[in-house]
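Order of writing sets the chain letters: A, B, C and D. Residues in each chain are counted from 1.
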Amino acid sequence: MQKFGFIGLGIMGSAMAKNLVKAGCSVTIWNRSPEKAEELAALGAERAATPCEVVESCPVTFAMLADPAAAEEVCFGKHGVLEGIGEGRGYVDMSTVDPATSQRIGVAVVAKGGRFLEAPVSGSKKPAEDGTLIILAAGDRNLYDEAMPGFEKMGKKIIHLGDVGKGAEMKLVVNMVMGGMMACFCEGLALGEKAGLATDAILDVIGAGAMANPMFALKGGLIRDRNFAPAFPLKHMQKDLRLAVALGDRVGQPLVASAAANELFKGARAAGFGDEDFSAIFKTIER
Amino acid sequence: MQKFGFIGLGIMGSAMAKNLVKAGCSVTIWNRSPEKAEELAALGAERAATPCEVVESCPVTFAMLADPAAAEEVCFGKHGVLEGIGEGRGYVDMSTVDPATSQRIGVAVVAKGGRFLEAPVSGSKKPAEDGTLIILAAGDRNLYDEAMPGFEKMGKKIIHLGDVGKGAEMKLVVNMVMGGMMACFCEGLALGEKAGLATDAILDVIGAGAMANPMFALKGGLIRDRNFAPAFPLKHMQKDLRLAVALGDRVGQPLVASAAANELFKGARAAGFGDEDFSAIFKTIER
Amino acid sequence: MQKFGFIGLGIMGSAMAKNLVKAGCSVTIWNRSPEKAEELAALGAERAATPCEVVESCPVTFAMLADPAAAEEVCFGKHGVLEGIGEGRGYVDMSTVDPATSQRIGVAVVAKGGRFLEAPVSGSKKPAEDGTLIILAAGDRNLYDEAMPGFEKMGKKIIHLGDVGKGAEMKLVVNMVMGGMMACFCEGLALGEKAGLATDAILDVIGAGAMANPMFALKGGLIRDRNFAPAFPLKHMQKDLRLAVALGDRVGQPLVASAAANELFKGARAAGFGDEDFSAIFKTIER
Amino acid sequence: MQKFGFIGLGIMGSAMAKNLVKAGCSVTIWNRSPEKAEELAALGAERAATPCEVVESCPVTFAMLADPAAAEEVCFGKHGVLEGIGEGRGYVDMSTVDPATSQRIGVAVVAKGGRFLEAPVSGSKKPAEDGTLIILAAGDRNLYDEAMPGFEKMGKKIIHLGDVGKGAEMKLVVNMVMGGMMACFCEGLALGEKAGLATDAILDVIGAGAMANPMFALKGGLIRDRNFAPAFPLKHMQKDLRLAVALGDRVGQPLVASAAANELFKGARAAGFGDEDFSAIFKTIER
């Protein structure tokens, strides 16, 4: 029976850890607020008192924290990961953090004698529950192989991208394309509406052709109904676009269309739509 | 047995007419260069000497001409459609023309006592052969109903959009979204490559998520291989973007992201890539 | 004493004709509404009954009409310019029209045996009164030389640009730069204000450096005071940007920044600011 | 006789310090490479051995360092400014640094009991020599007043903008407008050339109208001659645009036109023009 640690049991993390437990792995867990660990414990997971305890007792530990600050606290804080890592044990951070944070954690883990892999995911609550996430791993190759039996319980597409930082960069690239697509889609819907075409007809035609994709299918109807309840908040999309454009700056890649989309999202954020779904860019475009 | 006329037997038209014949319709055909009619005739289609003869002998005639000039010649020319239309007979122009040309033809047909429908299609050679085109009809409602048995042999999605001109406008909206998506996709690929990510990995990740669509799946690999053999020529895409942005001008819809994409395509055209596939915008973005 | 005809006595035309009269030229005038000719007549100008009469009686006639429709009516209408032109007489159209209209008038004048020059102006009421317009002439070189004594009473900068159409194109190029500058200026003011910098300080700093120009100096204070009373209406600027971007399309010049500015002006027009000054783009940028 | 310290005697600093000496001030100087101090000493300036010595002996010290790293070294390094500041003495950093660096230095100076003013300048070598710089001061108000007699020898326009950081922000705003203007100007020139208009004619017309400004007058002829010898390097302009767009991100101001200009400059940098003048963006636009 495989043995894994799992740190961070929020919406994503608890769904992911559950898939490990259900698949028969032995899982040692920790979460800042202990009540969130109860459901997992009831399913058979073992509770540890600190992150340090988790990594000390497991050959490979996954982590899924809310943001860079939480990821750093769990690693560098008192009774944190660094205090328990070493002797070749593996730490796999699946949180979405910027490349710099990821590299800082990775360097510290390795300096202590541990091994490190970043592995941000593409996909949200539903794929986490279904075990169909896309896992963008980067870093230690051997650790990647050892973590694979765990990854396979959590994701449907697992990919190794190179050195630490490449996982975060891939996420920026993918989300930049997503943001640009949404901007173009919304411009098309707004143009069609102003020209007197029925939105349903536009969605129908796009949905029947070579551009058809699950995102347009899902968001199209919601935009038609002016339903912008957040699945992926607009402010996060704009942050990713900003970071992607900045990456373009660093590597010398001009991004004319994506930078235009970024400004549109920025306008939507300035208009107060930052906490709505990223499809709320439509409201800025149509006004 | 249903009886239809069919004028224009190029790559698209001959495939479409063949589907009518194969489905058991009685089809009267005409083409400027008569040799192209031979294959159809061998399958059982009846040949007419002029467009006029076709429309005179059929309650509903479809036309699929190469461009606005050909569409106008077949309608207004000697022994053309206008000379044979009247008494409520129907003319369905499926050519891709601008709204103004379409309206000119429609007005003339109606003035002669005929009925008119514009019905441009989305989809190219393969869907034409498979009978899976998307048909964007607009104009006479009764004629739409009468043409439906024919449409159903040629397309998988048939839609009526309102007055003559709306079909052409829908095509502009859809192609604008397509052009914008391609620009964003290529910026993502170029950014990824400069950042050191493998193109295959990017395609893999995008192909596994909510953005996955047949266009990215097909073009992605071709772009990776720098294969820009034309399926949809870049200069045509740029023309559609120009017309879509002009439509936005007319109806008061700003199009920040699509206008940026238009300038990128314009740059690609200026760089000499106009006759390559529209995915050749990648070459302008990555340089 | 030099003899000139002058057709069209609106705000611009009457100021220009007055400068000819004041400088001692013999001027024959015509205007659609005759009352506007009275002031000029009181100053010594001779009144004619029709445009035809003006051109018949003068070796060189200037025209300053409101728009392309008026320019065409005066030329092609009953008792119009075409009926009196011929025998090498010169017609100088200083109206702002598109290149196509200008060429249509020029071809007709020449076909009748006359000579033609287009000569749109840069500058509005004040420079017209002061005789400090910029005159963008194109067409017949000899006529240009013969008209020069008249031009020199009306403008401070007179320039011959080539064949008919080049004058209109120069106006588009210049106005495109003007529109783009205004967009960038307003973005700077809006950014500064949001960052907490005093608008007066920004205007002061820009006004003291290498970018200092009369337009920023004049418009800057008006923007600060949210005074958008129209000197050059926003809808006209957007039209010129549209035509300039279309010219770029025709000659193969991508215009990334100017197309972005065009969309901003389009957004301002859609927001209802079309009849305000073109600096009202600020309201769209700052919101 | 007024007494000032001056640290940093590069191209800018030595010209500025010379103006202080020539105006009869008593000036104590220091420069990393001592030979640069010789000319000043010959004119009557007093040499100090370290930055610390300068600030210890003067009520107000100006500094003009090459970049943020040099500014930090002079302040925080051994025998640096911090070791000698205190007892209310004033330190005026005129180097061009980012707001964060400026604030770090300011906080440290104040913590030691000194007073701090940032005062970046707009203008390069010639205005430095002529004493016609634009000085963008921000920080301690009393120090601003005490430094004024010195500022007046170095600049023609001196302005106080608020708290430390506002000077750097003003520079970003102004340079963003400058970059956007240059992009629009170059697009106009490129469009005109492709349309067959003579560049000299375009420059003439723009130079005669309301947009006329010293920058277009100077750069226009150089662009026509394809002379891109660096006065203000393109990579620095692109960096300022990047920081200005980032400032817009922070304060919630979308910058559609300026972001487009930024991508054009980024493209020019990627094409290898980073060390040429910022007008070399023309080469990217016209290709």
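By our rule, a residue touches a chain if its C-beta (ideal position, glycine included) is under 8 Å from a C-beta of that chain, and two chains touch if they have at least 3 such contacts.
All figures in this text were calculated on a predicted structure; none of them were measured in a lab.
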| item | value |
| --- | --- |
| Given chain A and chain C, the chains that contact each of them | B, D |
| Type of chain B:chain C copy interface by residue overlap (half), same or different | same |
| Rounded Å distance between chain C and chain D, as computed from the means of their C-alpha atoms | 39 |
| Averaged-CA centre spacing for the pair chain D and chain B, given as whole angstrom | 56 |
| Residues of chain B whose C-beta touches two or more other chains | 248, 252-256, 259-260, 263-264 |
| Chain D-touching residues of chain A, taken from the complex the two chains share | 242, 246, 248-249, 252-256, 259-260, 262-264, 266-267, 269-270 |
| In the complex, chain C residues that touch chain D | 122-123, 134, 136, 156-157, 159, 161-162, 166, 169-170, 173-174, 176-178, 180-181, 183-185, 187-188, 190-192, 194-198, 201-202, 204-206, 208-215, 218, 244, 247-248, 251-261, 263-264, 285-286 |
